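Before any comments, here is the structure.
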Amino acid sequence: METIVLEFPAGQPAPGRALAGVVASGDLEVLLEANGSPRTVVNITTSVDGMGRVWEAVLERIFGDGTLPAAKIEINDSGATPAVVRMRIGQVLEQLATTGGA
Amino acid sequence: MSTQELSKRGAVWLDALTYSAPLQAGYPPSVRVVDARLGEHPARFIAVVPDPDNAFPRARSGEVGLIEGWEIARAVREVIDADAGREDHDKRAIVAVIDVASQAYGRREEAYGIHQALAGAADAYASARLAGHPVIGLIVGRAMSGAFLAHGYQANRLIALADSQVMVHAMGKESAARVTLRSVADLEAFTARVPPMAYDIDNYASLGLLWKLLSVRNADAPNGADQSAVEKALQEAFDEIRADPSRGLGSRLGSAHRASSVTVRRKLREQWR
Amino acid sequence: MDTQALLERQSFIELDARSRAKQLLDAGTFSELLDPFERVRSPWLARQGIVTQADDGTVVARGELDGQPAVVLAIDAGFQGGSMGEVSAAKIAGSLELAAEDNRNGIPMRAVILFETGGVRLQEANLGLAAIAEIHAAIVDLRRYQPVIGITAGPIGCYGGMSIAAGLCSYLIATREARLGLNGPTVIEQEAGIAEFDSRARPMIWSFTGGEQRHRTGLVDVYAADDAGAIRAAVIERFRAGRPEACRSECVAGFLQRLAEVDPEAQVTPQQAAAIYSKGFRS
């Protein structure tokens, strides 16, 4: 089990909370809350060791341009592929957009 | 398949604590029911013991099977019904003498709903407790999994003997080792570091689920002192249960290892309305 | 069922625990207690290198059902096979305890339990087992005031100590996909041999422990389609029926009578089990 922390530039604080996914084999859970400062901080706990670079690359693609709302994101991962990671983060961001958060 | 020497502890302790009082007629050989005394109070003692001639082939080594589950329920409900009109202080004690290595595993068992038979037993004990009967669980050997849920885990208070053959767990060592792809030795080493997973009774006691852990000289063949110690503990448990206004299982929430169980309940209460 | 109805049908099995609870409760009344953002997790998994889920795999959903105060306890099939750890089980036991207390204070709180679970979480063994005993105690307590309704829909079904909990419920609802049994097929095969129970023989397993057979043998009260609307309707109907005269787990004489008709030496068939048990347990 490994923990990874990543930070990215971001915009205004996220308008609420959002949640997606489950910690099942090949899946992950994503919890999102607003962050006061204009940065998104992602705390990852993953059952698969040694994938730090992959996480950096995947999340850089999503958060790297700094335009998304500032959030504290917690990821609990049980061996999801990058595609599944993108899907779950996408779900969480969509929740924010449509309902203004939970 | 594992072969275990059939344990005699349930029968031995039942016989000792009831001073060899006769078995209640009408019960199968695997479910021993004795009406005797706990100190000066009348009490019903119940034990599940091995019956190598059990009609159900998968329940011949002391397992709690279909018949055992429902017969335990009958033995307990007889007491509830008999004392139904009586005052609280006249509700008879029920002592589960516990040495149950497992539930029964088999096709017949699943087909005829062994889960429902064990529910029948758990229901009876819980209902007795709610009706005001002091229910005490005395663990003299194994108290495993579904068998323990059916026979003993609904008691107001649990007492266990401090002995290397006394064990409470959700899955036997051999099965757990297979499931987790370890050797039994590795499993024992690993689980010794995780208190709720450990197999020894001292680690179990640290979880705060036992009311008392009793040292005895010889758990297989109790001497006079052993028997007195257990009788004394049963009596004290009885007195404490009678004095306790709660008929629930709240007395099991005292250990530091159950802090999260307490936190969950506190937060639920705070958020309930 | 015509195409339109088929298209409108919402699968209950495909919903996650949270969504199932929302579907069951009256629209707009869902509110979650100890939600994932509270982060009341298992204190035992991290030290074993296991990633925790923020709600530990149980959703506590308060709201209304048919206009009455209700709590839905939904076990998440995804996390650790729905297995019961200290926290996930405490959320269920604690909620049932509060529901019973409510009734003693004149509030008709009722509970629904969504059983998708293999039983005790081995990584928390004795704390899982002890908490399941507390769930049993709380069901028997609450059952005196309000029906306690259990639902098992799949993909996991209901096993282990939680199958005993299901056996304690006032009413049980199951789908065809669900299984309800004490011991997992692999464990039975290991303990009793492959001739007794072949853990890979799926049709055989469902023929004895599947929702349809359990209904046929009187161990499940409602055999429901995998349809969220139909399941919610069944729950409401059962609450309106009120507490049963006797719960299944109280029918001791009835079950002993039926079991006396069984020839234990012969291997059982689903038809035999149905023939005997369909006579019922009210003696």
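Should a chain be cited, it is by its letter among A, B and C, assigned in written order, with residues numbered from 1 in that chain.
The rule is simple: contacts are C-beta pairs under 8 Å (C-beta built on N, C-alpha and C of every residue); 3 or more make two chains touch, one makes a residue touch a chain.
This one's a predicted model, so the numbers in the text were calculated from it and none came from an experiment.
Enquirer: Let me check something: if the centre of a chain is the mean of its CA atoms, which chain is farthest from subunit B?
Expert: A
Enquirer: Determine the chain that sits nearest the middle of the structure, using the mean of its CA atoms as its centre.
Expert: C
Enquirer: Report, in whole Å, the distance between the mean C-alpha point of subunit B and the mean C-alpha point of subunit C.
Expert: Between these chains, centre-to-centre, one finds 24 Å.
Enquirer: With chain centres defined as C-alpha means, what is the inter-centre distance between subunit A and subunit C in Å?
Expert: Spacing between the chain centres: roughly 33 Å.
Enquirer: Just the number, please: Cα centre separation of subunit A and subunit B in whole Å.
Expert: Computed value for the inter-centroid distance: 47 Å.
Enquirer: For subunit B, jot down the residues that touch at least 2 other chains.
Expert: In subunit B, no residue touches two or more other chains.
Enquirer: Which stretch or stretches of subunit A touch subunit C in the complex?
Expert: 1, 17, 19, 22-24, 27, 29, 31, 33, 45-47, 74, 76-78
Enquirer: Help me check something: in the complex, which residues belonging to subunit C touch subunit A?
Expert: 16, 35-37, 46, 49-54, 76, 78-80
Enquirer: Write out the stretch or stretches of subunit C touching subunit B in their complex.
Expert: Residue positions touching the partner: 33-34, 38, 40, 42-44, 47-48, 60, 62, 86-87, 90-91, 94-95, 97-98, 119-120, 122-134, 136-137, 140-141, 144, 160-161, 163-168, 180-183, 187-188, 190-193, 196-197, 208-209, 214, 217, 219, 247-253, 255-256, 258-259, 262, 264-265, 267-268, 270, 273, 277.
Enquirer: Inside the complex, what are the residues of subunit B that reach subunit C?
Expert: The touching residues are 1, 55-58, 66-67, 70-71, 73-74, 77, 102-103, 105-120, 122-124, 126-127, 129-130, 145-146, 148-150, 153-154, 168-171, 175-176, 178-180, 191, 193-194, 196-198, 204, 207, 209, 248-249, 252, 257-261, 263-265, 267-269, 271-272.
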